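Look at the two complexes coming up: chain A is in both, with chain B in one and chain C in the other.
Coming up: the complex of A and B.
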């Protein structure tokens, strides 16, 4: 490039003391001329550029928010809670996709098999349970140590995550239930058992690890649901009025235990 | 030495996650970008914030530079759009400056003007409103819609003003 902006013109351009036509030609020239850009840099306010650069470095040092975390912050959840929730294994896309796949199979089975609805109802409460089993603990949580060090009770964290997991999985199952053939009120019969199982698992988690608590409850659930079918010859027995009442009672009892035992979870958390 | 490398080479180092390369790019480009932005936005705080947005975007999107055109022009394209985003978050009255789809033709006309006529005089005789639209469209390379956001006027107005500016310039350069 042989043409360059005259120093005097450049100084007037930087000072904003230039007419539009001349500014046009300077601005058309600068993007492609390293020499004239260098001349602008020499006349620039160094202190202001340094402080702007520090702002850039600060922003680059902050880890980027994932989609879950960003969404939560947009909804008004405080940043630190959003980060701990965002790290929940059961809120990852892979987990949600796995749930959706399992549900798709269950719905498919329900359309093909005689007792499809039964299998769907047995399966539905197991999904949030599995999510909670993997919600908190040294083996499964990438942010476990962060959670221990956070100025927040470990148990509160588990509860917050449990609520988030329950909400997302319930939404997924509800959508799947809409896809069931011959939509019927009984397709919602999993709601109360799901709540009972979730609360019971949280109550148990105050005594043992979430993994063991959820595992044993899942086993118990399948056993009871299977026994109901075998003994009473009625597959949907557990989901009838009696079953619903029992589940609601379990939920209420578990909630009481939960409140009562919250502190012991904290102490155990220190040891693991 | 990284300081001896061309902008394109430095940019590819940035794409590989080299923070020092970003600093080199910053030292080379932030000053003129800041001056140019300041001509389109009177608030120095917004200009500094836009510079930060631009370099954060360059850091994350350095791989998207295809090697076509000047790195300087590429960075200006990012900066002016970040400025529009920043201005959109501000009250309307703080905005200073507009767009057209067939900007190729306008550019050609202006280039023709440089060669055959008194372009400076023609630009000077344009009304400030028309000149702002020519600047945003021809010089800043914005679309009608982006220019409208920058200038705080509807897209349709940008198009009408660009048409009038083009007609006037054509008449005077003929």
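Coming up: the complex of A and C.
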């Protein structure tokens, strides 16, 4: 002999006005009783069923965020921006670990060598530059071509990624700088050159690929820093007040060029 | 000018001294239009210009009544465009769901639950609902191709540009694609390039054959077949006078060209018409495809 859920109890179950124990009892019964399942199907509100089903699909289908994406969301970055950044090679965990290792090596070298601070200051602006090179373009972004045809402007995508890269590498370098021997304000002298180089690389990327732009500027930076030391016999000359002003001017000029040529990122199928 | 067409006038794309697209004049309306042509004929270059990722060297191009050279109009156009490139790239560490979700974000779908609903819809459309959570690096070539198709369908675009959508699909998947593409052609412009003449015969209302960057044929699939009317014959031995020939699965020789008197003429297919038009290089590609 079998039993069936009373109509009054079934109505409360469908309306959601039922306590947990009774709901459990109904749900334990339904899989084995076609008649009661039929009654539920007849009485249930279609819209509510659809929304419940969508909720289940949302839980099942939507994958967990990766560590970079999850970290960004925890910091308050909107979910969709975090996903855009999660697809950026220069923001993957492996890249961030590589940056941390390079910085640890630079700090270690700074503690062992004369003019160690010089080497640290020359190296630090190269990290965001390398990050920008790996942030955007057909060589590093697998979905570049599809992205070009999407309504979100490529320039906006590049800027979002560049800001995230600049922020993360700045944090890493700042933490590394704290470990330098005899911490001094000059340990922050890389910040303006870094901003200048990053903006200059983006401005140059309006005319060529990000990889070429960043590679050329990295070479130029090492050349200028080395020449400054060799000619003036003063390793930190490039990082002095004059150098900072020049870098700030380069940053301002590059920002103007970048804004003026923003549309050049939009139909770059020739570069793929 | 109609807001539901692709319209081009003297459209050119030059690389160095070479005109890859050499002054095209075409107008394409709703329905499924197939683009055929041998490698290097300019199909992909034309598709990429229509997909707004490549700027023409000269000429005029208007898509859905909008000018892709104008930044504002181009953005508006991209909201109504779906594009599947010939060689779609993937973030292989993503799952199928995550990748399509990523493209949906680039397509300005910022509302999470509405976007996820749309991602599920397009993955179901291409038959990948069951593997949505699998990493792309673990999926087969055919499944990846269907992911590329799914992202093109996001947002129910008015203009679909599909570059070789059936490459790497097995026969059953190809049939499913044909059904889907036919349905999509109602009220939308679907432009697809392919090496598969059977696809064109099965689902295109119109076919354009490109050769050396210019239009060699523009008409219906039946019209393309008719080009080879009375010019296809079968014999037991190879006839050296034929423009093209190949051995059939029955071991006989099918010839296309000017038949000798009394040759047993057979009904031409769209493939015969295409090969006659495109020449021996296309015949080699047909065999390779």
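Just so it is clear, the second predicted complex is superposed on the first by the 190 of 272 C-alpha atoms of A that agree within 3 Å, B and C clash if a C-alpha of one lies under 4 Å from a C-alpha of the other, contacts with A are read in each partner's own complex, and residues count from 1 in each chain.
As a working rule, a residue touches a chain if its C-beta (ideal position, glycine included) is under 8 Å from a C-beta of that chain, and two chains touch if they have at least 3 such contacts.
The model shown is predicted, which means the values in this text are computed figures rather than measured ones.
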Quick check on the superposed pair: does A:149 touch chain B, chain C, both, or neither? Answer first, second, both or neither. second
Partner chain in contact with A:19 - chain B first, chain C second, else both or neither: first
State whether A:56 touches chain B only (first), chain C only (second), both chains, or neither. first
Applying the touch criterion given at the start, work out whether A:35 contacts chain B, chain C, both or neither, answering first, second, both or neither. neither
Examine A:94 and indicate which partner it touches, taking first as chain B and second as chain C; both and neither are also allowed. neither
Which holds for A:80: it touches chain B only (first), chain C only (second), both, or neither? second
Both chain B and chain C touch chain A; at which residues? 57, 60
Given the complex, residues on chain A that touch chain C span 54, 57-58, 60-63, 66, 78-80, 83-84, 87, 141-153, 157, 263, 266-270
Which bits of chain C are touching chain A when the two form their complex? 48, 51-55, 68, 71, 74-76, 78-79, 81, 83, 85, 87-95, 97-99, 101-103, 105-108, 110, 112-113, 115-117, 120, 132-133, 148, 151
Name, in rising order, each residue of chain B that touches chain A in their complex. 7, 19, 22-23, 26-32, 34-36, 38-39, 44, 48, 51-52, 55-56, 59, 70, 72-73, 76, 119-121, 123-124, 131, 135, 139
In the complex of these two chains, what residues of chain A are touching chain B? 13-14, 16, 19-25, 27-28, 30-32, 34, 36-38, 40-41, 43-44, 48-49, 51-53, 55-57, 59-60
